[in-house]
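Below you'll find the structures, each written out as structure tokens.
Here chain A shows up in two complexes: once beside chain B, once beside chain C.
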Partner chain A sequence: MNPSTHMVPVLRSGSQILIEALQNNGVKQIFGYPGGTIMPVYDALVGSGLKHYLCRHEQGAALAADAYGRVTRKAGVCMATSGPGATNLVTGIANAFMDSVPMVVITGQVPTALQGTDAFQEVDIFGITMPVVKHSYIVRNVSDIPRIVNEAFQLAENGRPGPVLIDLPKDISAGMGETIETLPAPLPEASKPDPVAMQQASDMLSRARRPLVIAGGGIAISDSVGAFRAFIERTGLPVTTTLKGLGIMPTDHPGYVGMLGMHGNGAANHVVQNCDLLMVVGARFDDRATGHLSQFAQSARIIHLDIDPAEISKLRKADVAIVGELKPALEGLQPENKANATWLGQCAGWKKEFAWRYDAPAKGIYAPRLLRDLSRAKPEGLTITCDVGQHQMWVAQHCSFNDPLEHLSSGGLGTMGYGLPAAIGAKIAKPEDMVICVSGDGSFMMNVQELATINRYGIDVKILLFDNSALGLVRQWQEIFFEGNYSEVHLDDNPDFAGVARAFGVKARSISEPEEVSQALDWLLHTEGAAMLHVAIDSMENVWPLVPPGKPNHKMMSAKTADQGTGNGK
Partner chain B sequence: MILREHNPGSRYFIFHTPATGPPCKIMRHIISVLMQNEAGALARVVALFSSRGYNIESLNVAPTEDSLLSRLTLVTRGSDEVIEQINNQLLKLVDVVNTADMTMDDHIERELLLMKVAISEEGKAVLPHIIKTAGARILDDSPDSFILELTGANHIMDDFIWQVAEQSEILAVVRSGAMAVSLGTKVLSAGS
Partner chain C sequence: MRNMDHTLHIQLSNCEGAIIRALGLMERRGYTLKTCSVGEPEGVGREMEVTVTSSRSGDLLKRQLERLHDVFYVELKPAEPIKPHSPGIRPINSRA
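Up next, the complex of A and B:
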């Protein structure tokens, strides 16, 4: 040991200690926005080697960090000041919480002495975020910073991932302290799958006559896609996926019956309603996936695999539960028999019956067909980020993904405005891949300011903007379930989106005729740098099929059944 | 079939009877939670109950012999499924070290009651007998009021309050909420 280290303790500021702790945890990029109480950290940022991306709204920063976390499986980091800066992060934090995304959030806070006095820009962000974080800290001592940062990353990234908040009062970030280097505590050993449950599950899979597997986002989060595909090849079981599970199976795999749920594929919804054994892997019986819960897969016994014990029997009682890491469980399941041919034939029949059709008589450009064309033309390693609404469901239905990380969508929270900042986060995480944000005219305006971020850093993000001059999914529901009583859904006063993009230095084109599609897609995919293709579509186009709320999954409405009654729009 | 208890107050008390088997029963449970003495730990437990719609009938919390740990005891009602959910969700909180459903095992339940009653002439005649029979104590006997103390299980408190109320005007009821400890050498610890 160097004897000089004993002599004078080296005092450094809390901010310097924070930056170093972040770097020790592998952080290279931060998304954020400066302000009063976080200024000491921004001061220490200069020359630190950490790359900071200035987003133009804290929500944009949080959502970019979310996408960065999804793509890298390492915590995305976002940072903002106290008060409004912190509250603007909340939607992004909740988004990461609902989709189990690793994230570390740093908020400035008023100095400790002012805490609780309603000081300028003071909010109790620790309290506000409590229901949407995996854990949170208020830092009380400079010397605690390394330990807290290490714990935050460990918690965010391990087990079921999620966001962790660190609230940092200004006197702590500006204060001087001595620190002892702390190493992250050793991780608890991952629990091995319970051998009794594993045997029961294997037996049930061997005996089942009509088995089905639901593949959920947990498989992507735990990096178990390879193990899952090997399990499916071994067993020949048919597979459906949730929204977050898209890409876990290649779309053209013979045993893959498509996405289930409210806007899922008819085949998937029929298979799931007719199965006698349902193996649910890394999914959580979300209401958008199950439809009417007590009528969901009514004759099926349930095998549930999840890392979170609280998901077991939360909504649907599991007959066998395998709690823990998915990969060893999937590798260890060895049913004796392969799925039977009669059932697989039945699944294939539904698959044929409910195959997507692209000859719908839409006026003008038909968005599903355009998305299929994009998917066919897409280069290797294309990531699509989505906003929320009709376009999001069309992407889920009509684009094919070969890896779940190619599809970034706000599943649990359904955050309009996710797409553009997510594209920024994804592109920064995977600079070599092409990233396209597919958005709608409603969602796009929720975080339109992030065009400035794209311009500022020259981020090569493509934008495909479907413009139906309406809040399409709400309009569709008003048409079907509210007798066409349209309320606050018309957006015919939309701005000139191509003009908006150009004002931010983003190249843009607008199309409205079907014959323009092919050439325009080619332009979008091959233009250098950020570019937007604005596509005007029919405002009355709907997403089909649709499982009405409160109905079981096989009671799907289609364009045909909607026209025959059930309150067609006026 | 949907069973609904009177004023369920939460979706966790509206539940479906399984197609086969006996109907779900809503039972009273005493849940003990060992948690770290961290700022916000109690708030997290309470926030979890309100955000997920579980009821809390009573709650108390105090430090243990280990200065790093506090023990929280709460009383809630729910079907077995709900109680299992509560337990699983509690264990997900980083500050929660361990939990136990005391009502699953043989246990002793106690609650402390402090009660102030106004004393009338008739009350003076019968109250001492009620107090003595219940095993309660008079902590303060002012000319017009008594302060009474009673320790016992939940239903004993209820009976006693009801008996006293018949004889005199109750001015204040202060209850600690239930506490429980299991019989034998079994304890709730960080490792168990």
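Up next, the complex of A and C:
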């Protein structure tokens, strides 16, 4: 890139230049944690006008920046010192990489002269993070800082977004330099979708007897939800979504058949296995979505729309590929016919057959029903952040979403501990919206220290904590696939979670009986300030359906088939 | 799919980490490095010629390399069946 320049030489410290470069890129908030080698930057932060949120672990800072990036579609910024500060960011960086989230990461580094000498708090974070960044830099000259920062934001936010790391040795951040102020380079003009591929795709859609669209997270990332919904209204095509695609179609839309995959809806999995044309939009054939790949949608031809050429035919060969921005492609596709009524009738039949039921006998509070009730009671503009595990799948199955940004979940990396820092990042990004972190007792303890961040800044997030005194999803797999040989999954010694929350200044209540749910949800949604509802549930409750690993999507196990011994034993 | 040799000619920036980033991607994405030579041509940047073995497609690797900000250009030479005697990994800069 060749940034256009204004020739205004100025002498300042590397840290001052960094802060100014961040501000020039629109940064207003930073999540971070100070330490030795990043101290010059924290020194320059004072009085800069940038708002810094001190998280209580660097991973919390990185995950909060991730959620901030998802909600704003602008790079979330996190910052930490060298060594352990930097390595603690790695999970958050990988999380952003796997889910294509814009993020700029700034790490302190030992002074240049000490690099490579095993200096105190020295790690090669540039090397460690190479597989999980879109790009990374080590700054070698003070004068390079503005260019590198501008490039970092452009790379993080454009094309397929992702995290960009800037490793800043202390002699650079503390050193003085003459810099030339730079402005971000103009973006290259987006390429238009290939007209030949567009025509082929339109023809295939016109001819298909059993077409289906998979809506993936790329639609939300590229802000193409409106164009996608208009395309669906125009064509009448049935739609399924991936985990990250939830909310791209309103949950109650008649053509929406639910989420597909391992814990997807039976209707979605049957529709996808029976379709003859699959149009995949901004999704990447993840194994949790496809089940056994070679048996996935075996009769279907594939149209794949994605901004990333490297996703085309990576796992499933595309018959037609449309590479580039999704919005113009979706606007340009004009099949002659609408989806045929017979197929739509079949889809509607599956939808009816596999509609979620809430009448199963359950001991105590049934989490799926509670989540359905939460969705019914929720105010407009509610964002749900999830941790990872059974509760995450129940949220995906039983909550309603009208927009993909209402649901923030660690899809690719599956990071336990995402939910609470993500709620912080989301609330800071959109303070007018209500944010609820839905968590489990295993996940919550992974970043429980962020309760202190909530308390410190008075961040109004609600926490719905399902406590089954177990690592539930692992326990479920041990029950089904390891013959009930439970290994290190029991958490009977959990702390008093409500007491923990109160110790951090967060209001809290605990419930364990179904008749308490309605009033407790009301309390959670209407309590002023941060609040936690701790919900004790049955430790043996499972997530159904389940496509066993290595099986095709239509071979789903349910509570009924598991009881009949379809699994490998209980 | 059986293993094939893929040879790629890569032009990339001489920025810190560019070579290791490209080589790391190859290994990580399931392509075993057989030979590698790096040169510093006249002008800007570096060039690298690598032969990798994989059951995965050479074209996919080309597209994955092209995503890297440091990589300017990738040319994929026609795939060959595996050669019985690999010359091994030559020292970096052997052609420089």
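Here is the rule we use: the second predicted complex is superposed on the first by the 555 of 570 C-alpha atoms of A that agree within 3 Å, B and C clash if a C-alpha of one lies under 4 Å from a C-alpha of the other, contacts with A are read in each partner's own complex, and residues count from 1 in each chain.
What we mean here is this: a contact is a pair of C-beta atoms (placed from the backbone, for glycine too) under 8 Å apart; a residue touches a chain by one contact, two chains touch by 3 or more.
Since this is a predicted model, take the numbers as computed values, not measurements.
On the superposed chain A, the positions of chain B and chain C overlap enough to count as a clash. Looking at the shared chain after the overlay, A:Met130 reaches both chain B and chain C. Of the two partner chains placed by superposition, A:Ala113 touches none, neither chain B nor chain C.
Once chain A of one complex is fitted onto chain A of the other, the partner contacts of A:Leu155 extend to both chain B and chain C.
In the overlay built on the shared chain, the residue A:Ser313 is in contact with chain B and with chain C.
126-127, 130-131, 134-136, 138, 140, 155, 308-310, 312-314 are the residues of chain A that lie in the contact sets of both chain B and chain C, per the superposition on chain A. Chain C contributes residues 16-17, 20-21, 24-25, 28, 57, 60, 63-64, 66-70 to its touches with chain A in the complex.
Residues 126-127, 130-131, 134-138, 140, 155, 160, 308-310, 312-314 of chain A are the ones touching chain C in the complex.
Across the complex, chain B is touched by residues 126-127, 130-131, 134-136, 138, 140, 155, 294, 308-310, 312-314, 317 of chain A. Put simply, chain B touches chain A in their complex at residues 16, 18, 39-40, 43-44, 47-48, 51, 81, 84-85, 88-89, 91-92, 94.
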